[in-house]
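So, here come the structures, one by one.
What follows is chain A paired twice: with chain B in the first complex and chain C in the second.
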Partner chain A sequence: MAAITLQGVTKRYGNVTAVQALDLAIREGEFMVLLGPSGCGKTTTLNMIAGLEEISDGTLLFDAKDVTRLPPHKREVAMVFQSYALYPNKTVAENIAFPLRLRGVPKAEIDRAVASVAEQLELTPLLQRRPNQLSGGQRQRVALGRAIVRQPSVFLMDEPLSNLDATLRLSMRSLIKRLHHQLKATFVYVTHDQAEALTLADRIAVMQGGIVQQLDTPEGIYERPANTFVASFLGSPQINLLRAGLPRPAWVAEGRDVIVGLRPEDVARPTEGLTALSGRVELVSPLGSETQLELALPGASITLRVPKDWRVTEGETLAFGIDPARLHVFDAATERRIAP
Partner chain B sequence: MARRLLLALFSALFVLYVAGPVLWLLSSSLQMESEITAVPPNWLPPHPGLHNFTAIFTAGDSAEYANRGIAGFLPSGAANLLPALYNSLKVGLWVAGLNLLFSLTAAYAIAVIDFKGRRATLYTVLATRVIPDIALVVPLFLVIRNLGLINSIGALVVTYLAVTVPFTIFILISYFEGIPRDLYRASRIDGCGHWGALRHVYLPLSLPALVAALMFAFLTSWNEFLFALVLTQNAAAQTLPIIIAGFVMDFTTSFSFVNAAGVIAILPPVLLAIIFQRYIVSGLTAGAVKG
Partner chain C sequence: MGLRLSYDDRSAAVLVFPVLAVLLVVAAYPILYSFWVSLHDIVLTRPLRRPFVWFENYERMLGDARFHTAVLRTTVYTVVTVSVVSVLAVGVALLLNETFPGHKLLNALLLLPWATPSIVNGLMWKWIYDPTYGLMNAVLVKLGLIESYRAWLGDPDLTLLLISNAAIWKQMPLAALLLLVTMKAIPDDLYRAAKVDGATVFQRFVHVTLPALRPGLMLVLVYETMISIRHFDLFLIMTQGGPGDASYTLSWLIYVETFRSLRFGTGAALSYLLAMLTFLLSWLFIRFLGEKTA
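And then the complex of A and B:
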């Protein structure tokens, strides 16, 4: 097991700074997700942890050991790639055995390890096939097998599920979560998919422009987004962010320019203690268990998600209540969260 | 219909154009001098026989002028033909082998390792091939002479490598760049250093390019005339093209002998092509990464 510490880690390509003075302490055995839009520096960060990209500035520690300049094959990390990256000239068994072969593990031991990994990932009937004879999900399981066969202390995953279809993605997601519980290794997982991040992570680092915008638990990120970027990146449908039209909580100083955020699901029937609002329903989109509404308030338009038994019809005027404590308030200039 | 006929006609003409000389070479190598020079020509040997080949393989013992009786006569350099064949083979194999070794490592470094001046290195290597060979002959001769390498196999090997290595590097780089980068990354993570990545990823997946490079280097060396003419002056290091060219520069030309020598000269490259053609297959990286 290993804790991973990044201290002021920076990556520059010529004049472009991909990752800027990143400080991140990943705890031993933690499942850390780096989340952000493409080009935010999350994959670059992962590659620097792996040793596949040189670190321009800063220090990288595994536990107390400085590995900043260590080549990848000496770092003892395992990695799973979005593209699977299986060796096309080797069979499934040879792919999984390869890291052990390179370490000079005796053949009998390799065979045992490969068999046990294959069993765990349900690859046993496929061991003699080549990668081009496998489906996408099978290939990704082989890639996982190649990574776990070494029993590494650090596990790096670069969007491992992005190339799979939706159903497969769900089952692979729970497989990865189970693996984390079993292996108790440190996982660093890169994704742009907020659902993956929220379901898998112990903590999430939301990145944009090469900078960590917020580092917190999934609940913390969702409930207390540090700025408008984080607020709008997580949550589906997106949070409503408005300069005007939503009620300002009482504690916000009079005259201060703020952005008020309301999660679409943070609404209720108007009752005592809630701020009552009403607006004209412009669009109704049933989602099965819930219904998504587009609502025109005086001077603003918002999206809401309400239980389906509200039975809303287009064109009606809907009265609803919001809890001022559930509103998110951001400074209009800095876009940072302000709290009472 | 007419289209297909025309297509067939022109295909046949093209085949004849390409294969005609080779077929004539084969046919005439089995004929006697008088049959080759007959008018109209004998397209097929009237009395096919291996006498010309026998003459080549016995030329060393009896390199006398005009001692072949009715079959024809021997050119003055006939005894040098077999040593030249051996020289050509030696030079060709050395060039093919060393070319691969140097180009492979250089191409890997340029294609895979991100070092400062990588583009500049590639351009410098390629720029050496912009200068025509004829401009280099005299300076090269002086260098080789000062090194004391004139009339040696080594002189030819070194010179030919200077021709083949830049091209081979270029070919291999473009091939290497087509191999998914994630495979390299995966191999580094799995525990390979640069040698390991070269051996386990780039070598097995670029087999067709390696075979092509091998053939290219061997053929370049096998066919080369200009440098061989200048850098070698006696039978110790002279290669086939020089010796065979000498036959037609003789005071009389023995077509039967020259043609038989020609057949022998094309055999090694043809054999090489037959042996290696099964490795020239595409689609080696199928299934490596998501397509």
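And then the complex of A and C:
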């Protein structure tokens, strides 16, 4: 186990700064997710932790040890790639055994370790196959096996589930979560998928433009987004962000230019204590358990998610209520969250 | 039911016919005719006498001492050329796979020898090796490695290697290019995974690069072997089989038998033996090297 500390870590490619003075303290045994759109610097950050990219500036510590200039194999990290990166000419068993073989572990011990990992990941019947004879999910399990076999203190995962179909992604997600519980190692997981981030993470670092926009627990990120970027990156459908058209909470100073955010699900039937609003229903999209609505308010258009028993029809005028306490308020100029 | 062709089949047949006809005339007919020739005792100095002798030509050639020498020389030449070309090509491909200032220029320059016509290449190396004004003599004397000019190609122990060197110079670029293409297709993630797994540069080469190069290497081996085993131009230009029989290869023997001695029957028989040898070798390569790539 190891805590990972990034102090002012910067990555420059010529004139382009991919990661800018990043400070991030990942706790021992923590599941940290780096979340962001492509090009936000999350994979570069992961590669710098792995040692696959040189750090242009700043310091990287594993516990108290400075590893900034150490090559990958001296950092005792394991990595899982989106492309699985299995050695195509090696069998499943050989793939899993490879890191141990390179370390000169005795053969009997390797065999024992491979057998135990295969058992854990349900790969035993596949040990003699080659990667091209496996399905995507099986390949990713082999990649996980190759990572856990040498019991590293740090696991790095670069979008490991992005190449899998939706069903498989769900089951692999729980597998990774179980592995984290069992191994108690530090996990750093890169993804652009908010659902993965929210379900897996102890804490999430939302990144954009090479900068961490917010570092918090999944609840914190969702409930108290630090700025409009974080607010709109998490949540599906996206949060409604409007300069006008939504009621301003009473504590917002009169005349201050703000953006008001409303999560589509934060609506209720109009009752006492809620701010009553109404709008014309433009579009109804049933989603099974819920219904997604597009609503035209005076001067704005918003998306709502309501229980299916509301039985809304297109063209009707819908009256609903919102809790002012559930509204998110951002400064219009800085786009940063402001709170009472 | 008679033969009923669909419209597509018929138009396909019409479109394929011209090529098929050309192939029949320029490929199939000569192949069959030369086999027919190889079964006759045809000597051009006695054009009217051409008895059918079954496989006597083959028998005679297989027992001929010149044939044995030629097989030995061809083997040495092919083994040296193919192995040096393959090893060098892997090295050059590795070099060109790296990004460094001027690597594009080097890429283009690399193809120059390959684009040089065979005859020009042969003449150029013959000049380099020349006993009176050759560059090789000049350089070696200047470096103090030899005391006086030598007739390099006249040394029976060196002749084959020197010709091989000229062939390597010309053939290596294409092989390197083929391997470079294969190398470029290796996913970067494999190298990154190997790095994290703890592989050294050499281990990454052995465990990632070499296995991935296998199909490319096989192509290079088969292609270079087929070229080398039948190689003729350099021998014609540089040594004409000499000195003595030091560069007396199979294709040179075929040339001598056919066009100097005008014995077309035995010449054709030799050609068939060479063709069969080429097939056999290619089959062996594919059988034993191609196996694991599937």
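Heads up, the rule we're going with is that the second predicted complex is superposed on the first by the 340 of 340 C-alpha atoms of A that agree within 3 Å, B and C clash if a C-alpha of one lies under 4 Å from a C-alpha of the other, contacts with A are read in each partner's own complex, and residues count from 1 in each chain.
One rule holds for everything that comes next: a residue touches a chain if its C-beta (ideal position, glycine included) is under 8 Å from a C-beta of that chain, and two chains touch if they have at least 3 such contacts.
Please read these numbers as outputs of a predicted model, since none were measured by experiment.
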When chain B and chain C are modelled together on chain A, clash or fit
clash
Once the shared chain is lined up, is A:Phe81 touching chain B (first), chain C (second), both, or neither of them?
both
Looking at A:Gly136, would you say it contacts chain B, chain C, both, or neither? Reply first, second, both or neither.
first
After superposition on the shared chain, which partner residues are touched by A:Pro237: those of chain B (first), chain C (second), both, or neither?
neither
Is the number of chain A residues in contact higher for chain B or for chain C?
B
For A:Ala50, is the partner it touches chain B (first), chain C (second), both, or none of the two (neither)?
both
On the A-aligned overlay, A:Asn163 touches which partner chain: chain B = first, chain C = second, or both, or neither?
first
If you stack the two complexes on chain A, which partner ends up touching A:Gly321: first (chain B), second (chain C), both, or neither?
neither
Of the two partner chains, chain B (first) and chain C (second), which one does A:Gly245 touch, if any: first, second, both, or neither?
neither
Determine where on chain A the residues touched by chain B overlap those touched by chain C, and list them.
47, 50-52, 71-73, 77-79, 81-83, 85, 87-89, 98-99, 102-103, 146, 156
Looking at the complex, which residues from chain A come into contact with chain C?
47, 50-52, 71-73, 77-79, 81-83, 85, 87-90, 98-99, 102-103, 146, 156
In the complex, chain A touches chain B at residues 47, 50-52, 54, 71-73, 77-79, 81-89, 98-99, 102-103, 130-134, 136, 139, 146, 156, 163
Chain C residues touching chain A - in the complex, by the definition given at the top:
187, 189-190, 192-199, 203, 207-208, 211-212, 214, 292
Chain A touches which residues of chain B in the complex?
114, 180, 182-183, 185-193, 196, 200-201, 204-205, 284-290
